[in-house]
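Just so it is clear, A, B, C and D label the chains in written order, and each chain counts residues from 1 on its own.
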Amino acid sequence: MKLLTRAFRIAFSNIKSSIDVCAVSVITIMVAFSILELFLLVFANLNSLVETWNKQVQLIVYLDDSVSKKDQSTLENLIANNKNVQATSFVSKGQAWTDFKKTFSDKAAILNSLGFNPLPASLRLQFSYSSDRLKAIQKFAKTLEAQNGVESVEYGKSWILKFETFLAFLRLFLLAVGGLLIVGLILIISNTIKLSIYSRKEEIQLMALLGARPNFIKWPFLMEGMLQALVGALLSLGVIKIVYLYMKVQFQDSMASLFRGIYIQFIPDSFAIYILAGSLFSGWLGSYISINRFLKSELK
Amino acid sequence: MKLLTRAFRIAFSNIKSSIDVCAVSVITIMVAFSILELFLLVFANLNSLVETWNKQVQLIVYLDDSVSKKDQSTLENLIANNKNVQATSFVSKGQAWTDFKKTFSDKAAILNSLGFNPLPASLRLQFSYSSDRLKAIQKFAKTLEAQNGVESVEYGKSWILKFETFLAFLRLFLLAVGGLLIVGLILIISNTIKLSIYSRKEEIQLMALLGARPNFIKWPFLMEGMLQALVGALLSLGVIKIVYLYMKVQFQDSMASLFRGIYIQFIPDSFAIYILAGSLFSGWLGSYISINRFLKSELK
Amino acid sequence: MIQIFNLYKTYKGNTQALIDISLEIKSGEFVFLTGQSGAGKSTLLKILYSWENFDKGQILINGINIAKIREDNQYTLRRKIGVVFQDYRLLPRKTVFENISFAQEAVESPSERIRFKTWEALKKVGLTQKKDSFPLQLAGGEQQRVAIARALVNSPEILLADEPTGNLDPEIALEILKLFEHANSQGVTVIFATHSAEMLKARDYRVINLGKGRLISTK
Amino acid sequence: MIQIFNLYKTYKGNTQALIDISLEIKSGEFVFLTGQSGAGKSTLLKILYSWENFDKGQILINGINIAKIREDNQYTLRRKIGVVFQDYRLLPRKTVFENISFAQEAVESPSERIRFKTWEALKKVGLTQKKDSFPLQLAGGEQQRVAIARALVNSPEILLADEPTGNLDPEIALEILKLFEHANSQGVTVIFATHSAEMLKARDYRVINLGKGRLISTK
């Protein structure tokens, strides 16, 4: 513990005495983290957008006009028992006809003159997302089609397929971008800390010459790396918060009306904590690699 | 010229003699440029996606069943003369009815029993994009509605408004991200080069002490900065090309079928050239700032 | 007690820096180490505090074979030894005061004592007025005295001084010599490397004379 | 011809390093500069090659007022002056050969001559065998000789040597002194700062003696 307190104190005075090199490191780390967080921010918000689109993947079950109460409740049980179904809504015969006439309001007179309602009642099922959702839908559609009281089923197979592919693409793309960013981030941190150690080469050598314990030599640098990364990450969170607040003021309203129910949100708190923990870890890892390699090579 | 050749040679041997510091700079620059290019790549591809969506902003003109040949050609002239209209397509009464029946194929018997076609023929107009497109559409819609032979017009006003807002948002967001990235990039480059100069402090001082001309001192460092940035940028283009090729192989087909006519494209050549030129410039600027400040402060 | 048996050291690039050196230096002794430039004086001192390794031979310090000390534990050896480096090795970004404190922090001295001992060491070498200067703001001889103060501050058992008066004028050089003698009078073993004929003449200590890596005489 | 009139220099922190110095050194003269540690020797030399500025007074070198030279043109002054720095200032990441070439590259010597002149300079100081060593692989005295070779290689009109034999044994020191005398015999003005009484006694050149920043005597 005493070692750590001392390491902290020394790290602090080291930072003070070469504030220029440290500022460079911190700014670089800040920029790297900002980019990572911007990406997280976009991801968090895209996710809720996708959620909205997701609702549009649905299976429509058209019911016979003559469906019996019993058949219908069998059907509803069947649906309720299918664990893939996320939500169900019932559109009655009357509702469907009203909707239809609204769409063709200019032809209202003609349609009214029909004298009867040609449209069926229907059940609209939303499926929870999973990678084999399409298969689940197809299978359930077959089952339902065979039921009494079902006139036909409809689920826009090709549209769903396309949407699934798009989601898969999006996820892979985001993963690739995120991976690249994280690798870049660790590289940048380890490199800036290497430079910081490099600029204090003589000091490290001298400590060893004067009889310092290896751990005593290492800890201030580990501490310094962690402090730098932590400060960089905190600053970046500040930067991103500002960007977020600006965007929110500017776009919340129009976005909300465009994608119903969407609400621009900040990086979740849990993620912010992960980021800070991650910064400490990367700072530690970067310093550790550099200082150990340095001690091995420079001290013979 | 001799100065430049010499500067180049010295820059090269400087890089060789402190290859570790330079590698750090180059990798950092590469990561920064990769991020910028990834962003450009997404932007280039989003652009063509938006192009596709853009086609869906249309003004539908329903024609009277009893429209006269003359009225219709007047109408078509009017449309042809409106410079905002990008494309026009004609959907005949028969076509509209066929489409409608296809949508409600399960009710074909009932619809056929109607004995007549209740749907009108229509003209579908696409408008070229401009910031006041909605106004242009509204105004033209008024004009057309007053024409002989037009039954009604329809243009989903609120949908267009939302789409326009979304586009504005997207553009601003991309601009903000791009701006942040570019500022970050210049910062990183200028910082890494500052560190590189910093690590050759004694050398610079010594040159001045030994009687070197200021320009002679500066140019190798300017050259070094430019070389580093250029190499970093070239490497990043390579990285992004690989990412692009991978994405293309994996996703071209599914994307193409999802968004009709979309084709995943690489950063345009002209942009690649801008990036290289930009890297040279940032390398130069970064070094210039650092070396000038250093000469002012360190050499008294 | 330092015992050296048949020591050989060859640097990469095939410089034979030390050839078959055998020596014994008693605890509490004061010896001069002399020889032409390149004779191997610094190399010998570096080997004694484990900064360079050697090829053949054996070295016992207080009976401990220093080649057998694990790298992690070399600090135990170094804590017994105070060194004045030929090139001073002061930290340019620390003040004189901080440079001397640094040596005590490195061996984890209790922080209460650091200020006091630093001040005492500065008084010994006559540099209290320069305590807040940075090394590059000092004259060459002043830097050398800071290096000496740093070597003394941890009260080592053995003092290795590599040309500690090279940049000092004869008067101050004598003052400094007296500092080492004072430490010696309290039981510290001192090895004092020097070129200066004046120094060698000034006192009647044993002189170890190296020539091109070989032991020429130990008078 | 170096003329110094009523020169004053005070460092930040209020060290009065030079007080009212007036001096004249003729072209082609050889002078010793001596004085206790901290007397101001290095400061005086630094001012002569414009590395430090001064507070009051005037300095003319070959009739040119060096305070009036624009910063951009200071190199013209420095090209006339070869300097042996007290702390050598060798570049640790360049070999001996490269360190000496570096001085010629800095003044834009034609590259054909650089190899030849570097080799010649190394021969003069007797270090041809060490040409591919890095400075930290050299003995203290060898480093000093590299610094001397570098100062000589551009054939300057004036040589400022700040303690150039502090780390050399008397024999080699005399060799080095002869090198400076050889340059002097070809018309180079030499200012040779030293503590060594032996040096001062060995030759009968004029001795400029500083004490606590004041001119004590110029014999």
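The rule we apply is simple: a contact is a pair of C-beta atoms (placed from the backbone, for glycine too) under 8 Å apart; a residue touches a chain by one contact, two chains touch by 3 or more.
A quick note: this is a predicted structure, and the numbers were derived from the prediction, not measured.
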| item | value |
| --- | --- |
| Taking each chain's C-alpha mean as its centre, the one farthest from subunit B | C |
| Computed distance of Cα centres, subunit B from subunit A, in Å | 23 |
| Cα-centroid distance, subunit A relative to subunit D, in whole angstrom | 66 |
| Centre distance in Å when subunit B and subunit D are each reduced to the mean of their C-alpha atoms | 62 |
| Multi-partner residues of subunit D (each touching 2 or more other chains) | none |
| Subunit B: positions in contact with at least two other chains | none |
| Category of the chain touch graph - line, ring, star, complete, other | ring |
| Chain-chain contacts as defined at top | A-B, A-C, B-D, C-D |
| Of all residues in subunit B, those that touch subunit D in their complex | 6, 10, 17-18, 202-203, 206-214, 216, 300 |
| Residue numbers on subunit D that touch subunit C, as the complex places them | 11, 13, 34-39, 41-42, 86-87, 132-133, 137, 139-142, 162-163, 166-172, 195, 197-198 |
| Residues of subunit B that touch subunit A when the two form their complex | 20-21, 24, 27-28, 31, 34-35, 38, 62, 106-107, 110-111, 114, 118-120, 151-152, 162-163, 165-166, 168-169, 172-173, 176-177, 180-181, 184, 187-188, 191-192, 194-195, 198-199, 243, 247, 250-251, 254-255, 257-258 |
| Complex interface listing, subunit D residues touching subunit B | 49, 51-53, 72, 74-79, 81, 83, 89, 91, 93-94, 102-103, 105-108, 154 |
